[in-house]
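Two complexes are shown next, each including chain A; its partner changes from chain B in the first to chain C in the second.
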Partner chain A sequence: MANLETSLAGIRSPNPFWLASAPPTNSGYQVQRAFEAGWGGAVWKTLGDPILNVSSRFAATSFNGQAVAGFNNIELITDRPLEVNLREIEETKIKYPNHAIIASLMVEPNQEKWHEIVKMVEAVGVDGLELNFGCPHGMAERGMGAASGQVPELVKQQTAWVKEVAQTPVIVKLTPNITDITFTAKAAVEGGADAVSMINTINSLAGVDLDSWNTVPNVAGKGAHGGYCGPAVKPIALNMVAECARRPDINVPISGMGGVSSWKEAAEFMLMGASNVQVCTAAMHHGFRIVEDMIDGLNNYLDEKQIGSVAELVGKTVPKYSDWGELDLNYRVVAQIDTETCINCNKCHIACEDTSHQCIDMLKDEQGNDFLQVREDDCVGCNLCSIVCPVDGAIEMVEAPRKTGEEPMTWNERQSLVSMMGVK
Partner chain B sequence: MREHAEFMLEKEKIDALIEDGYEITAVQENLEGAFVQFSNGEKQAHLHIESADARKYFSFLLKKQKEEAAST
Partner chain C sequence: MATNQSEAWISVEDIKANFTEAHPALKQKDAVDEANRCLYCYDAPCITACPTDIDIPAFIKKIASGNMKGSAVTIMDANPSGASCARVCPTEELCEGACVLNHASTPIMIGDLQRYATDWAIKNEQVLFKKGEDTKQHIAIVGSGPAGLSAARELARFGHRVTIYEASAEAGGLNTYGIVSFRLPKEIPAWEVKQVKDLGVEIKTNTIVGKDISAAELTEQYHAVIIAAGMGKVPTLGIDGEELEGVRDAIEFVKMTKSGKWEENLSGKKVAVIGAGNTAVDAATCSVRLGAENVKMVYRRTEKEMTAYAFEYEFAKQDGIEFKWLSAPAKIEGNSSGEVTGLLVNKMKLEAAGEDGRQKVKAIEGATETLDVDLVIKAIGQERLNPLIEAFEVTHSDGVIQIDETTYATSKTGVYAIGDIIFGKGQGEAMVVSAAQQGKKAAWAIHSELTENAVHSA
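Up next, the complex of A and B:
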């Protein structure tokens, strides 16, 4: 049994699974249910001046029968008075002292406003603060959330204001709705952040109803952009975590989120540099008890790998992530088709012939049976055939032996050599 | 023509020059590929290299040429 305890900038929790600030953490009742189910921590739904919400609020995208491949919402921060939330936070913290409770905060870019709310939430015993510079909808129209999170100077300034009075660790939650998240992550660090968390939701419109021509969701026939999350956003979130994790000047812990649906994504985020993970959509889709599978799965994985503590995973893949220019141009993988396993559906041939490099031949053996064969010399190792193949193990991508002239060389090395040759 | 066959044709031309004692002396790359100048000290030769693998290949030769020059 591995040790799943984690520490994010000193905020300890019995496991790395926190509920993200979102509808699941709207009230003490919910957060206490979550802790009973096994969640290690919860980031309370964002506190600020209570807002007014609309109906309807959520929408999901399905893909080929996979429900909730992505999730879109236009719900805003808490609509409950601060006093009510603070009372429930205090009660919950007393009942569950070993679980982490983090208060997500959003106020106007005003020093006094930040000072006021930080002091109030810390007085009820939160373990940390998460500054919401990420929500892309509604609040951003009022200059908060992503609107201030897209301006590095505002991220730095507001973080610094919070740090002037905060007694607990300050996590800055970043928006993905920006060209390069490392700019705002660095600004948070410069403002004194103890940790950063990412990603908040991505600007989105879930769909258009083809009968009514209304947007999905719509409010009395009118729509507005929302925030997108769920399994579909994982690759975007993972890259943003990785880009921050590999920057030496973003030298604070990262809380990773965006499409964490099982222990596997959690392990990926941690390998890529996150000290823990936050989850929302999976809990909304399957309920709080999904954390049991996450804990069991992570435990089993660590045991199989003979790793004693989940903390040992953190950042192990970061040194393997680099710029494209540092990749070896001469490394080659090629596809190999196992004709015993192959069902001759020809998906690989069609994919290769139509959209890749035309290197899978349809042949007939001596008995006249069809079979598929890769011309390895023409295969560029794109992986497409193995991606579209419906049969596990039928296509394997294998490392091709290097020939003379295929010694390791990166694009950067090559360009350096070519530039030294001059122009004829 | 298949890409590997294109590469092999261009590689043969490059190797033939190298075997004849030529070295790469200039490279210009543009939208049409790479224009590589070779010289054996007396004569010059030029190749228009189009295939991606052959452009990798002459880069390897450049590296080798540089390493050999550094060791002499």
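Up next, the complex of A and C:
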């Protein structure tokens, strides 16, 4: 049994699995159910000035039979009165002293407003604050959420205002709707943030109904962009976490989220530098009970790797993440097809022939049986064939010997050599 | 499968191949695809339909997430015979029959996924459970079939000391000796036995309760006793010729095929199996696989009344078994050297249903037929173990021990009974999975009884 306890900027929780600020953490009833199911922490549905929500809010993209590959919503922050939320937070914290409760906050970019709400939530005993600079719809039109989260000065300023009064750790939740997330992460750090969390949802439109020509979802025939999350966004989120993790000047812990659906993604995020993870869509798809396999699976994984504590995972892959210019230009992998396992669907051939480097030949053996073969000399190691292959183990990308005389060399090394030699 | 309908001889190699597991294991891709197809229902009906309440959506979700150990633990925690059950449960009547996808598409292959997860645990030599802290309470169990093993496992996890007395040379009961190896290879119950032994449970094999140690000794020496001895041999038919050389007991016959010795070669032989339950089907399919030229199942009623599971019947048909319905065995004919030469059957007819709603059958006067056979296998049920039951002085009705349905306590304090020995008279179910569940429940009842006593005496 590995130790799953985690600490994010001093906020302790029995395991690294927190529910993200979203419908699953809307009320005390829900958060208490979640803690009973095993969640280590919960970021309460964002508190702020009262808002109104619309009906018809969510939509999902299903892809080739995989339900909820991505999830889209046009919901705003909490629509429940602040006093009610505060009372329920207090009650829940008393019942579950060892679980983490974080208040997610969003108010207008105004010093007094921030001071006021921070004091109120800290008075009911939250373990930390998460500043929601990420909600991409609705709130942004009013100058909050992503609208302020996209302007580094505003992120820095508001974080600083919060830090002026906050007694508990401050997490700044970042929007992915920006060209380079490290700008706003850096601004949060400069404003005094104790941690950053990412990602909030990505601007999206789930679809168009081909009969009514309405958007999906539509509210009385009209649509507006929403925020995208769920399994489909994981690679985007993982990169953003990694980009922040490898920057020495973004030296605060990271809470990672976006497409965490099982212990596996959690482990990936943690290896990529997150100190814990948050989850929304997967819980909305299956209920709080999914945390049981998240905990059990992570535990078994750590045991199998003989790692005593989950904290030891954090950041282990970060040193392996770099810039393109640092990659070895002379390293080679090539595709190899195991004809025993191959079922001869020829998908690799046509993928390579039409869209890559024309190096998989369709051949016949002496008995007249079809088989596929890679011309390794022509293979550039793009991986496409192994990606389209429907069978486990039929195509393997293997490391190929370097071409004679070729030593490891990166683009950056090459450029500096070129400039040293004064050649263009 | 290699059969020799045309040739007269079957090699040992072919026999061996015929007795290897028939149903293929899921490949990794199939398993993961199928696991992802599971809806992960809440309050899922498959859980309710499983007699051992395995959290099926949870173990399937764990296959999908790659948490194979967690998956195996979820299965084996609820069902100590989970690896065997993955192969022998009538899943279409249990979990898979309840799958909500029956209404929308095709049910999830729960049995095959369960096998995939437990196979993983077997292959990776996983230790799934730990024994509890020693309570110094000692429990004796008679019989190491799925019922006894399940009770032993649970008791050991509570920290109780357990000794199982087993008459046979190997533990596992009918899982080891009675269910044909092409459905349940011996290695599978052997692994389940090992899981139990690893918790410190002692299994005294080759030890018959009632002969090597008395019932009274057990009740005196132990804090509790569980009778999990199953049922006995196939009863006699009560017809002439039963003493002939070629007349066999189906259970003994199957047991021989599981010894792996293959001394019996049925090349060119014609076999009649009497009965139409699962044991009869197993004896018939074994005969085909041992090279018999022709195998008939002889039953006095019709297809409608046969008690074999639908999948077993289907399996028998695929193996090319012939069915003789409405045929009651009347006499086994033999020659002077005591060999079987034929089976005389009386043709029957159906009559109006009796009080139990079952149509009656009646012999058609003078309508007989002699089937040309060299071997007759009796599979008309199993005898009850009355001498053993009576030695324990527990109340029974025609050899079916009467128990309390929640605690499995018998009429005698400290003596419990589970598995096939309590099956019958509308009580219980003769299945591996129900035996496993009863074992768990008896163990829980004994545990709470023993700990309550401990509290009182403290």
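Everything that follows uses one rule, which is that the second predicted complex is superposed on the first by the 419 of 424 C-alpha atoms of A that agree within 3 Å, B and C clash if a C-alpha of one lies under 4 Å from a C-alpha of the other, contacts with A are read in each partner's own complex, and residues count from 1 in each chain.
What we mean here is this: a contact is a pair of C-beta atoms (placed from the backbone, for glycine too) under 8 Å apart; a residue touches a chain by one contact, two chains touch by 3 or more.
Since we're looking at a predicted model, the values are computed, not measured.
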### Message
Contact-wise, after the overlay, does A:228 reach chain B, chain C, both or neither (first, second, both, neither)?
### Response
neither
### Task
Could you say whether A:418 touches chain B, chain C, both of them, or neither, answering first, second, both or neither?
first
### Query
Which partner does A:96 reach: the first (chain B), the second (chain C), both, or neither?
neither
### Task
Look at A:71 in the shared chain and tell me whether it touches chain B only, chain C only, both, or neither; answer first, second, both or neither.
neither
### Query
Is A:18 contacted by the first partner chain B, the second partner chain C, both or neither?
neither
### Message
Contacts for A:300 in the overlay, against chain B (first) and chain C (second): which applies, first, second, both or neither?
### Response
second
### Task
Go through the superposed model and pick first if A:392 touches only chain B, second if only chain C, both, or neither.
second
### Query
After lining up the shared chain so the two structures overlap, which partner does A:330 touch, if you call chain B first and chain C second: first, second, both or neither?
first
### Task
Check chain A for residues that touch chain B in one structure and chain C in the other, and list them.
none
### Summary
In the complex, the residues of chain C that touch chain A are 27-29, 36, 40, 42, 58, 61-62, 64-67, 69-70, 73
### Task
Over in the complex, which chain B residues touch chain A? Could you list them?
2-4, 11, 24-29, 35, 37, 46, 56-57, 59-63, 66
## Note on the structure
Contacts from chain A onto chain B in the complex sit at residues 329-330, 357-359, 375, 377-378, 380, 405-407, 409, 413-414, 417-418, 420-424
### Touch list for chain A against partner chain C, complex
66, 262-264, 286-287, 289-290, 292-293, 296-297, 300-301, 304, 390-392
